[in-house]
Structure formats: C-alpha cells, structure tokens
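In the two complexes below, subunit A is the common chain; its partner is subunit B in one and subunit C in the other.
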Partner chain A sequence: MEMLQYALRKFITGIPLIIGVTLISFLLMVYFGPDKTYELVGKNATEEQIQEIRHQLGYDKPFVARYLEYLKELATFDFGYSDSTGERVNSILKRTVPISLALITPGFVLGNLLGIALALVAAYYRGHWLDKLIMGGSVVGMSVSFLIVIIAFQILLSSNDGLGWFPVRGWNVYSFWDYLRYITVPTLATVFVALGYNTRFYRAVIVEEMGRDHVRTAKAFGTPPGELLFKHILKNAMIPIITRIMFSIPLVVISGSLLVESYFGIPGVGKVTFDAITTGDQPILKAVVGITAVLFVIVLILNDIFYKLVDPRVSLK
Partner chain B sequence: MIIRACALLFLSSLLLAGGCSDGPKTTGMKVYRHSLNGSPTSLDPAQSATIYANHVVVNIYDTLYSYKYLARPYQIKPNLAAAMPDVSEDGLTYTIRIKKGVEFTDDPAFPDGKGRELTAADFVYSLKRHFDPKTRSQGSWFWSGRIKGMADWKQAGSDYDKEVEGLKALDRYTIRIILNKPFPQLVHTLAQGYSAIVPHEAVNYYGREFSVRPVGSGPFRLQTFDSVRAVLVRNPKYRKEPIDLAYEGYDEAIHGKFGIEKIEGRAPPLVDRLEIHFIQESLSRWNSFTKGDEIQYAGIPKELLDDVLARKQPNVLLKPEYAQRFFMTSGIETGFVHTDFNMADPEIGYNKDKRREEMNHALRCAIRYAFNWHERNKRFYNDMGVIFPGIIPPVVPEYDPDGPKDSLEYSPEKGKKLLEEAGWTADKLPTLTYGGVAQVDTRQIFEQYRGWLTKIGYPKEKIVFDSYASFGDFNKAVKQAKIKIVGMGWGLDYPDAENTLQLFYGPNGSPGSNNANFNDPEYNRLYEQSAVMQPSPERTKLYRRMNQIVLDSCVTISGLSRQEILLWHKNVVSYPDRSIVGGFHLKYVDIEEAGK
Partner chain C sequence: MNTLAEETSLPKESESLWGKAWYKFRRDRTGMIALGVVIFFMFIALGVWAGLWGSGWSNVGGDMWAGPSPEHWLGTNIIGQDIYSRAIYSTKTAFEVGMVVAILSTILGGILGALSGYFTNSWVDELILWLMGVLDSIPFYLFVAAIAYALQGYPYSMHIAMIATFWTTTARLVRGEVIKLKNFEFVEAARAIGLPQGKIIFRHIMPNTFHILLVQATIVFVGAIKSEVILSFLGLGVVDGVSWGLMIAESTQEVQAGHYSNFLTASTFLFVLVMAFNMFSDSLQDALDPKKVSA
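Up next is the complex of A and B:
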C-alpha cells in the first residue's frame, strides 16, 4: 500500500516533467522541424494546393491550440494518423515496438550481464594483465563505429563472402528457430559495441565499491572471492547499475535502433522514428516523445522502488 | 527461484509473441523477391509520386493503359481499356471502352466482403478524387485545367454526386473524357500509377488508412506493407490474358539470352508471391543479393563497380564470376540531372534594369563555361553517364543527336572573358547560394562546383552552400524561389519531351515545376503551340527550338542521364525496367523453380 501511494504521488509530481518535455519538443517540432507540406505536394503544385495541405496538417492553427490538442492526444493515447503513410499512429507503434523489443532485448540483456561479469573480473584483478585486456577490449568496442561493426559482422557471418550462416537481412520470424537466425548477428553487433561502454562504467562503480571499509573487513575475515564479489561488492554497487539500466529502458522500448533496423531490414520503431524526424511527421514524433516522457516518469518511480528493494535503508517517504 | 524462472519464461514468450506472426506457407510457391533503393510512404494511387510507390501501386491496381513489356522505344498499350481510345477529330473527346468482367479483390470494404465488378464509374470516381482536397493528390497536375468542368466541380466543393461535364461514364463500360484543349499526352497519363482505379467503398471504409490498405483489381493483392518491404500475393481473380511476346516487343537478339520465350502464352502474374524489399543501404542490398537465397534483383553499389565490372565503356560488361551467376542489362535512365539558375532572383536572373539583366545573362553563361561535365561524370557518375545539351534527354524520340554541343564546352578562359566583357569584377559579383539537402554527396558536388567557379575568377567566399536538413525543407526553399542555384534531377513520367519542356514553361513557375522560374514569351508561345500537337516532325522542330531557347538563355546547365545497371538471378525470367515500364514488368516475372 505504501508503495502504491508512493508510486501515485510520484506520478503526479512527474506530470510537470511530462508537460515540460512535451512543450519543448513540440516547440522544436513546430518552429524548427521540417515542413511536411513540401513533402506532400506534387511535382507541379499550386499555391492553393499548398494552402490546402497546410490547413489539413493543422499548420494554420495557433501554437497553443495545437499544443493543447497534443496533450489531449497524450491523455487519450490517440495520436491520430501519420502524415506520411496515413496509417494510425497507434497501429504503427503496435506493429513496430514489439519487433524492436524482440530485436534489442537480447543484446541489451547480454550487453549488461556480460558487462557486469567482465567488470567484476577486471575490478577484482585490477592492474593485472587480465584487467588490461578487458579494458583494452572495451576501448576497441567503444572506438569502432557501430556502422563498421554492423557491416563487418554482416559480411563475416551472413554474406556469401563470409561464413553465410545467417540471413543478411529481413525479418521472416515465424518460429523460435527463425527468431534465433534473425537476431543473432544484430545481437552480436549490439553486444560488441555495448560491452565497451558497459564494462568501463560498471568497472568504475565496482572498483569504488571495492575500496570501502566493509569490503576490506570482509577480505580480512577471509571471505571467499565469489561471496566477496557478489554479496558484498555487487549488491552494494547495484544502485548506480540499476539507474543506468533503468534509464536505458525507455529508449530501448520506443526508439529502437535505427542502424540495426536499417542494415538488417527489420521493420522496427527505430526506422519509423528516424523517418518521422527527417520528414517532420509530427503525429509520430508527438507519440514517440510523449510516450518516452511518460516512460521516463514510470522508470523514475520503478527506480526508487528497486532502490528500496536492494537497499532497505532507502525510504519511500 | 522457480518464480524467477517462470517470470523469465513468461517475458521471453511475450517478446517472441510480439516479434512473430503466423508463417507464410510458401512451400511449392513461386516467390520473387525484388528490391528498390527507396521506400514508398503511401500506396494510395493519388499519392504515388515516386517510382517506389508506383512499383507497388500498378501491381495492386489496374490502369487503363500500360507499356509494352519489352518494346524499346517504349510503346503504350491497352491494359484495362479494351483498346486504344477513340479520339475525335479535334482531339478533344476521348472515348474509352474498358474490359468487362474485371473484379476488385475480395475485401471487408465491400458489403458482403466480395469484390464487385469494376466499371467505368470507378474510373470517373478515381480521377475526380484528385480534385478533392481531402485526397492530398500529388498527381492532379497532369489533368489540372485540362478536363472540361473539373475546375468548377472542385470549386463547388468536390461533391461526388455531381457530374463533371468532361468526365463521364456513358454506360458500365464506356468512359468519355472531354478536354478543354487537345492534350496528346493524355493516354500516357492514364498509364501512370496516379490514374489507377480505386473502389469508392474501400476509400470510404478505410478513410485515411486507405493509403496502407489498398484494394484493387491488379495482378496482385497486398498481404503486408511496412517500412522495409511490401508482400503481394497473386490475385486469383485477375483476368487471364495470355502473353503474346511478339506484341510485347520480343526480339530474340536482345531478349533471347534471358529465357523470356518461356513465358509465351502464359497468363500473368507468373509468380505466387511478390516481395518488394525497400533497401536504401547499397552494401546491405548487395550482400543480400549475392547471398543467393534472398533478394533476386539489385543494382551494383557505386563503391563496388570496379570489382564487379570488367568493362564500363562503351558497353557494360560483368566480370566472368558475376556473369556466370547473374543476368544483367544496362542503359541510360529516363531522366537527367541539371543545375538551374533561379531567374526570379534579380541578382542572377531577370532584372528591371535591362543592363543588369544582360550582365546576369553573361554571368550565367560564364558559370556554364566553368562547368566541367567530364569531371562531374567521372567523379559522381563513374564516367558512365551520357552528357547531352539541353533539356531533351537522349531517351525520348525528339532528342537531336546532331544538335550543337557548344553549351557543354568547358572553357574557364571563355568564362573569364565573358565576365570581363560584361563588366563584372570580383567586388560586383553577387553571392551565389547553392542549395541542397545536407548530405555528403550534395556537399561534394557543391565543393567541386565552387572549385570550378574560382577558375573564372569568382571569389570563393561568394559561393556558399545553403544546406537543408530534409528534402521537404529544401523543396520549400526551391518552391519559394529562395535559392539562386538549384541542383535537380527529373525522371520522366512518360516518354515524350513535353514532360521535360514543361519544366521551363513560365506559368509553371514556383511553386510549380519550373524551379528556374524561366519565363520567356517565345518559349511559352511555342510550348502552348506544341502542347496541343500530336507527335510529328513539325512538333519535334518546335521542341528543339525550345531547347535552343533554354540553352541560349543560359538558364540551366544541362544535362546528364545516368547509367543504370540492373542485375538479377539466373533462375529468374525477367527483363527489368525501373522507370517507364517500371512496376508493370513485375507481373511478367517468372521463377524457374518453385520454393521448397
């Protein structure tokens, strides 16, 4: 009950945040974003047609009226139709978000789990060649462009010039086996890049934790390395780790991964969002920005609840 | 522990359920996987402005006319129409009879879910839609001001119950179109995706979503459509019309090696499932194509041309290892690239001060002398483009191969001299804005251009790149005549030079298609005179005179038609075409072995 009350209270205090984010984003969309009118007019348009389209897009309405309409759309979760395709925005999200989730989740989970595992090893053997090897690998992962990684993995594992084990592109996923075939290469590419950032970050957190008095004391009492790492170090380092993971979730859910989706021909939400940004498809942008803002507020709440779960000293009051 | 495992299992199932769908049963089916380098946004025929949209639209819907599969130069033929139109002697009245018994595909949009017969009234409705503002038509300009009474119909509120004098269904199978003045290209416009015939039930039933839920009577019907592909399946109700290869323009010497003769006498469509993949990333497309069991048709990425081709000129030749695996055709595109000067800008175009206008003319001609077509072709088009003078590209019959080529001459010295003679000095020269979308290629083209201009003494700092984040923003600036120099490309809608000559017709100025805002009285008069003429030597003469006016005015630096190289797998029986025949060719594609 206390948790529910806290969540409700926190959500209400998050409303100004949602309003702030949506207002600034909408301001940018309207005054600095691409003008969709000129994407929709024909090759030989007349001034009359341009005005008709502007009117249909609602560009001739005052900003305040348009923003209030946006808030209403967000409250009712009805964002109308895409200005580009004419499809309902909700249908687009319903179709693409699950695909992006199915695509990104394995890489996200593996990237974080492996990152934590490698960080633990590197931190435990701090200064040792193993630490240097892991950190060197991380720097490589961080330094190589994601695009190059994707192309290299695609050529090595999927193309005829390489091993040719996996499909080059597409998303014909009708069974678990298909799913594994189609996500393996994108996942490996994602993990390769994510590992670099994750390992470095988690190592820094864990190293800091290792220097604390209780760890030194546990060591002095002869605690075995496994127990030391998992029970005394990792558990206490969970707060920054949870924060990092939780705050990545809204982006994973709604933004997808443009490069992975484009290069592997996967019809996820990343490409839809990118196209909406570059062409000024406001209904889709409004949905993506609005939902991301709401998700962030929810993540903030969950974050606090998780803090409480891993550290009982944290109060929800 | 058990609870955690269950939760994990539940989450995994959810993920999988979200990403999966019921599998297609393709065993024993003929599946053809085509690829395009861009994607359509809307499948509403009224919005099918791109070749990507057209490729899908003409396979789902019927058009009255289409182009012969193999004949080059392109030849128009009846499609849904029973024959070519009966045209009155004054060229104003077209009577078109359509085939009987053609039905729309079954769809929930129809009262009992069963597609009904397509009638002449459906064509009338489909064309009227273009003049209904709600449709957001991108193709209305083909017929705007040309069909008698259409403007009044729109003015009166686009009420579909009201008749348009010049567009009527005389009976279930007869259409009559009355024009305000002769429009010889009308039949060509009726072979465009824009003119495809839609049922009013589907438009009303799906509303805005009609653009992604097409219901037609074409060879295929849509199964799925998203940002990466469109999946079409055979329309079982499509009329059975055996292929007559001789009629389609079959030539043993050209088409024999592709196995086209195997489709003689068969009724299209020849494959059960047509997948059109939209792949912008050229390397990804190439890897998928060469994989063997993925897409079956693609072009060659620019960066791999030297690896794949044994010869680029005069005829394109594949290296043996590729020639063994793939079929190839090559040819120049049905369009061209050109660079226009904005004549509405007094600093470079028309000016109230006649002396300044003359100076501007000299300035434009001097800039043209600085333009090095050979280098442009080499750096950006693999030295494979065809350079020609003016705005009538080699692909149309009105092209003059023996016409004067002086407008293509690269001579910075002559340019410099011209500037001096006209009284231009470095301080007097105006700042030139070169507009383009913020892309690497566009920026490189600009830098090359700026380099050339410095050779005629143009100060580097006076040539600036006006960069736009999206095509929409760039198009807005062009349509508002805000840019001095505009690099453009034009793909022909139909194989008649009128389609390119209208680009410089005065009344088509911004926001119309005349981006140069060229407005020459003689040119306009000749355009109006030729626009009502049937193809003839007299009309060709007028076309060429107009071309010369454009060249003499130095209003554009033009042009170059790019080389297109098309490759497809050897088990595919096809003769692909990207532009005029375009998507129409897909119903003739066959696969030698069905999927296992």
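Up next is the complex of A and C:
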C-alpha cells in the first residue's frame, strides 16, 4: 500500500517531465514538421479543397488547441489514424512493438549480463594482465562505430562472400527457428557494441565498491573470494547497475532499434517511426514520443522501487 | 648536483593541478602516443582546410571501382571518385563536427551546470533540471530527425541537435562539483567581501571545474564523430561535403557487389581516430582526477 501511494505521488511529480517532452517534440515534429497538405490534395486543387484538407489534418486550429488535443489523445491512449496508410495508430503499434522487443531484448540482456561478468573478472584480477586485456578490449569495442559493426557482421556472417549462414535482411518469422536465424546477426552486433561501454562502467562501479571498509573487514575475516565478490561487493553495486539498465530501456526500445531495423529492413517500431518523420506522419510521431515520455516516468518510479527492494535502507518518502 | 637536478624534475607541492596533471600525463606512454595520433589527424584536417591536400575529393576522375593504382592510392568508388582523397577530406569534416559540438556543448553544459549547482533548490535549478530531464527523455535520433526537418535542410541542424542533447551530461557533472565547491571557504570569503554572484560563480567557482570540462569535451568530441557516422547513414547528417559516414553509407551498396575499399578505408580512419581519442581521454582523466579509480 505504501508502495502504491509512493508510485502515485511519484507519477504526479513526473507530469512536468511528460509535459516538457511532449511540448518540445510537438513543437518540433508537428508544428515545424513537414506539411502534408499538398501531398494529399490532387493537382489543381481549389482554395476550398486546400482549406478542407488543412481542416481535416487540424492545421487550421491554434497551437494551444492542437497541443491540448494531443495531451487528451495521450491520456486516453487513442491516437487516431495514420496519415499515410490510414491504419489505426494503435494497431500499427500493436504490430510493430512486439517485433522490436523480440529483436532487441536478447542483445540487451546478453550485453548487460556479459558486461557484468567481464567486469567482475576484470575487477577481481585488478592490475593483472587479464584485467588489462578486458579493459583494452572494451576501449576497442567502444571505438568501433555501431554502423561498421553491423556492416562487418553482415558481410562476415550473412553475405555470400562470407559464411552465408544467416539471412541478409528482412523478417520472415514463422517459427522459433526462423526467429533465431533472423536475430542472430543483429544480436551479435548489439552485444559487441554495448559490451565495451557496459564492461567499463560496471568495472568502475565494482572497483569502487571493492575499496569499501566492509569489504576489507570481510576479507580480514577470511570470507571466501566467491562469497566476497557476489555477496559483499556485487550486491552493494546493484544500485548503479540497476539505474543504468533501467534508464537505457526506454531509449533502447526506440533509438536502439532504429538503426538495426533500417539496416536489416525489419518492420519494427523504430523503422515505422523513422519513416513517419521523413513523411510527416504526425499521429504516429505523437504516439511514439508520448509513449516514450510516459515510459521514462514509469522507469523513474520503478527505479526507486527497485532501490528499496535491493537496499532496505532506502526509504520511500 | 646530479641528484638535485633529478629532484627538481619531481612535482613540488606548490605546483598547480595543471602542472601536476601535465607531469603525470607526460609519463603515460599510451596517452602520449594517443595524443600523437590525434595531433596527426588534426594536422591532416588543417592541411585540408588550408587546401594543401584532399581537394580533389569530388572529382570523378577514374573508372568505377578501380583498384589501387599510383593515381588512386586506395582505388575509386562507385562513380569513380578517389577514395583516398575523400577519406582525407572527411578528416576535416570529422574535426569540424567534433570541435563545434564539443566546444559549444561544453560551454553550455558548464554554464547551466554551474548556475544550477550554485542556485540549488531555487527555481533556476528546478528549471535547468527539468530541461535536462526532458532532453534526456527524447529519443536521440528522433530528436535529430525532427530538428533537421524543422530547420528545413539547414546544414548545421545536425550540430545543433547534438549540442542540444550532449550538454546535459556535462551539466550534471559540473552541477555536482559546484554544489561541493560552493561550501568551501574561498567562496565564503568571496561572498563576505561582497562580490556579485555572477563573479563568484564564473570567476571563482567555474575555473575549479575546468578539469571536468576538459575531459567531458574529449568525450563529447568522440560521441559527436560517432553519431555523425550514423546520422549521415540515416540521411540526417552532413549535407554538403563528404564524411566517413557518407562514405560508409555509399559503401553499403558496393559491399554487396564485393567492393570493400571504400568501406574499409572510411572505417579504418574513423576507428583509428576514435580509438586514439578514447585513449587520450582516459589518460587525461587519469592525470586530472586524483580520485579516479583505475588500475
């Protein structure tokens, strides 16, 4: 009960954030965005026809009225119909979001788990050649552009010049086997790119935790190294680790999948959004940006609740 | 006498943070090599800027996909342009993007971070924190795309978008440092003799955050170059001129036909510069931050 009250209170403080995000995005993407009128009217349209279309698209209303309408749409979760295809925005999202999640989740989870594992090894062997090897590897990983990794992996694993094991592009998933075939190359690329940053960050967190007094005490009492690492160090390092993972979720869902989806031609939410920007499909943009903002606030709340679960000293006030 | 000369080369206690940092940095071999590579790239970029080399990047001089030859050191691309001069010219583009974004976003982040840290719990702080939260919550590529379309093909829309989003990290770090610094005695003394607040913030507190700003600027520089590649590939980046991102974008068709020169050249240039800059940035951080946890 205390948790629920806290979550509600937190949500109310998150409202300014939602308003800010939606206002800035609305201003940029809708108000200054592409004008669709002349695409929709036929050739040699009369003045009335143009006015008619502008009215349908809502261009003739004042800015504040259009923005308030958008907030209403966000609150009721009903974004109307796509300007380009006439499909309901909700059904577009229902179709594309699961694809993006299925595409991005394995790489995201593996990238973080492997990052933590490598960071633990590096921190445990601090100053040793193994640590230097892992840290050197992460600087290399950080320095390769995501785009280059994607292209290189595609050449090596999918193209005819390379191994040719996996489909080059597209998304014809009808079985679990298909799914594995289509996600392997994108997943490997995502993990490769995320690993450098993750390992470095997690190692820094773990090394800082290792220097604390209670760890030295535990060591002095003869705690076995495994227990020391997992119980005394990793558990305390969980707060920054969780924060990092949680905050990357909303961005990974949209931005992270954008490049992978446009390169591999996968019809996920990132690709739909990108196409919406270039064609000026405002209902889709409004939906995606609004939902991301709400997702961010939810993540903020969940993050604090996780703190509480991990560390009983944190109070939900 | 000899021992005395050696002793004087050690840092004295009276030396400044910068003197000590430079002393430490000079002994860091990786950092020095990395700095050398960065300076070499900068030299290439300056040469392009002065018109010494790379000026023939847009000439269609050869056959399509010609192999390496004395005229075209690294072969030609799909329409017969010289890949070597394009890669060289792109070095200038990369430095232009990196410098502009790093300098402006660091200035913005430094000023807003200092204001927000000095005026904690006032509306100024609330407003800046809110702005940072908002900018961090908008998906980056969508934001860039939106700015690019809102500005109707203005060539600097990519730079503006990057500056508008990259300053927040710097501002958060500076804010934390200023909150700590503003309780120090020298600030209290400055306040006691009645200095105006602007002078306290920018003349007395800000200089003590320069080490954060410098390291952050190098990190932003790398981030900007890497983002440029992806944005150019998505068609949102460099509008006129050529960049490694545009080269990689055009190479995606060539790669499918089995011609790798364009892709490999642009990737190698990009990788070497980013790698050197990352290593330089790490060494700089080691040298400037005595508390930094490292090996």
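Note that the second predicted complex is superposed on the first by the 288 of 317 C-alpha atoms of A that agree within 3 Å, B and C clash if a C-alpha of one lies under 4 Å from a C-alpha of the other, contacts with A are read in each partner's own complex, and residues count from 1 in each chain.
Everything below uses one rule, namely that contacts are C-beta pairs under 8 Å (C-beta built on N, C-alpha and C of every residue); 3 or more make two chains touch, one makes a residue touch a chain.
What you see is a predicted model, and the numbers here were worked out from it, not measured in a lab.
Colleague: According to the stated criteria, A:175 is in contact with first (subunit B), second (subunit C), both, or neither; which is it?
Modeller: first
Colleague: Answer with first, second, both or neither: which of subunit B and subunit C does A:187 touch in the superposed model?
Modeller: After superposing on A, A:187 lies clear of both subunit B and subunit C.
Colleague: Name the contact category of A:282: first (subunit B only), second (subunit C only), both, or neither.
Modeller: A:282 contacts neither subunit B nor subunit C.
Colleague: Between subunit B (first) and subunit C (second), which, if any, makes contact with A:250: first, second, both or neither?
Modeller: second
Colleague: Once the structures are superposed on A, label A:28 by its partner contacts, choosing first (subunit B), second (subunit C), both or neither.
Modeller: So A:28 only meets subunit C here.
Colleague: According to the stated criteria, A:99 is in contact with first (subunit B), second (subunit C), both, or neither; which is it?
Modeller: first
Colleague: For A:145, decide between first (touching subunit B), second (touching subunit C), both and neither.
Modeller: Only subunit C; A:145 stays clear of subunit B.
Colleague: Is the number of subunit A residues in contact higher for subunit B or for subunit C?
Modeller: The partner that reaches more residues of subunit A in the superposed model: B.
Colleague: Using the superposition on chain A described above, determine whether A:159 touches subunit B (first), subunit C (second), both, or neither.
Modeller: Both partners, subunit B and subunit C.
Colleague: After lining up the shared chain so the two structures overlap, which partner does A:236 touch, if you call subunit B first and subunit C second: first, second, both or neither?
Modeller: neither
Colleague: Starting from the residues of subunit A touching subunit B, keep only those that also touch subunit C in the other complex, and list them.
Modeller: Common interface on subunit A, subunit B vs subunit C: 34, 151, 155, 159, 161, 262, 278, 280.
Colleague: State the interface residues of subunit B toward subunit A in the complex, per the touch definition above.
Modeller: By the definition above, subunit B touches subunit A via 15-24, 41-42, 44, 47, 49, 133-134, 136-141, 144, 208-212, 226-229, 277, 279-281, 283-284, 287-288, 290-292, 294, 469-473, 475-476, 479, 502, 508, 511-513.
Colleague: In the complex of these two chains, what residues of subunit C are touching subunit A?
Modeller: Against subunit A, subunit C makes touches at 130-131, 133-135, 137-143, 145-147, 149-150, 226, 229-230, 233-234, 245, 248, 251-252, 255-256, 258, 260, 263, 267, 270-271, 274-275, 278-279, 282, 293, 295.
Colleague: What does subunit A use to touch subunit B in their complex?
Modeller: Within the complex, subunit A touches subunit B at residues 34-47, 49-50, 52-53, 56, 81, 84-88, 91, 95-99, 101-103, 105, 151, 154-155, 158-161, 164, 167-176, 178-179, 261-267, 271-272, 275, 278-280.
Colleague: For the complex, give me every residue of subunit A touching subunit C.
Modeller: 16-17, 20-21, 24-25, 28-29, 32-34, 126-127, 131-132, 135, 139-140, 142-148, 151-152, 155, 159, 161, 204, 207-208, 211, 250-251, 254-255, 258-259, 262, 273-274, 277-278, 280, 285, 288-289, 292-293, 296
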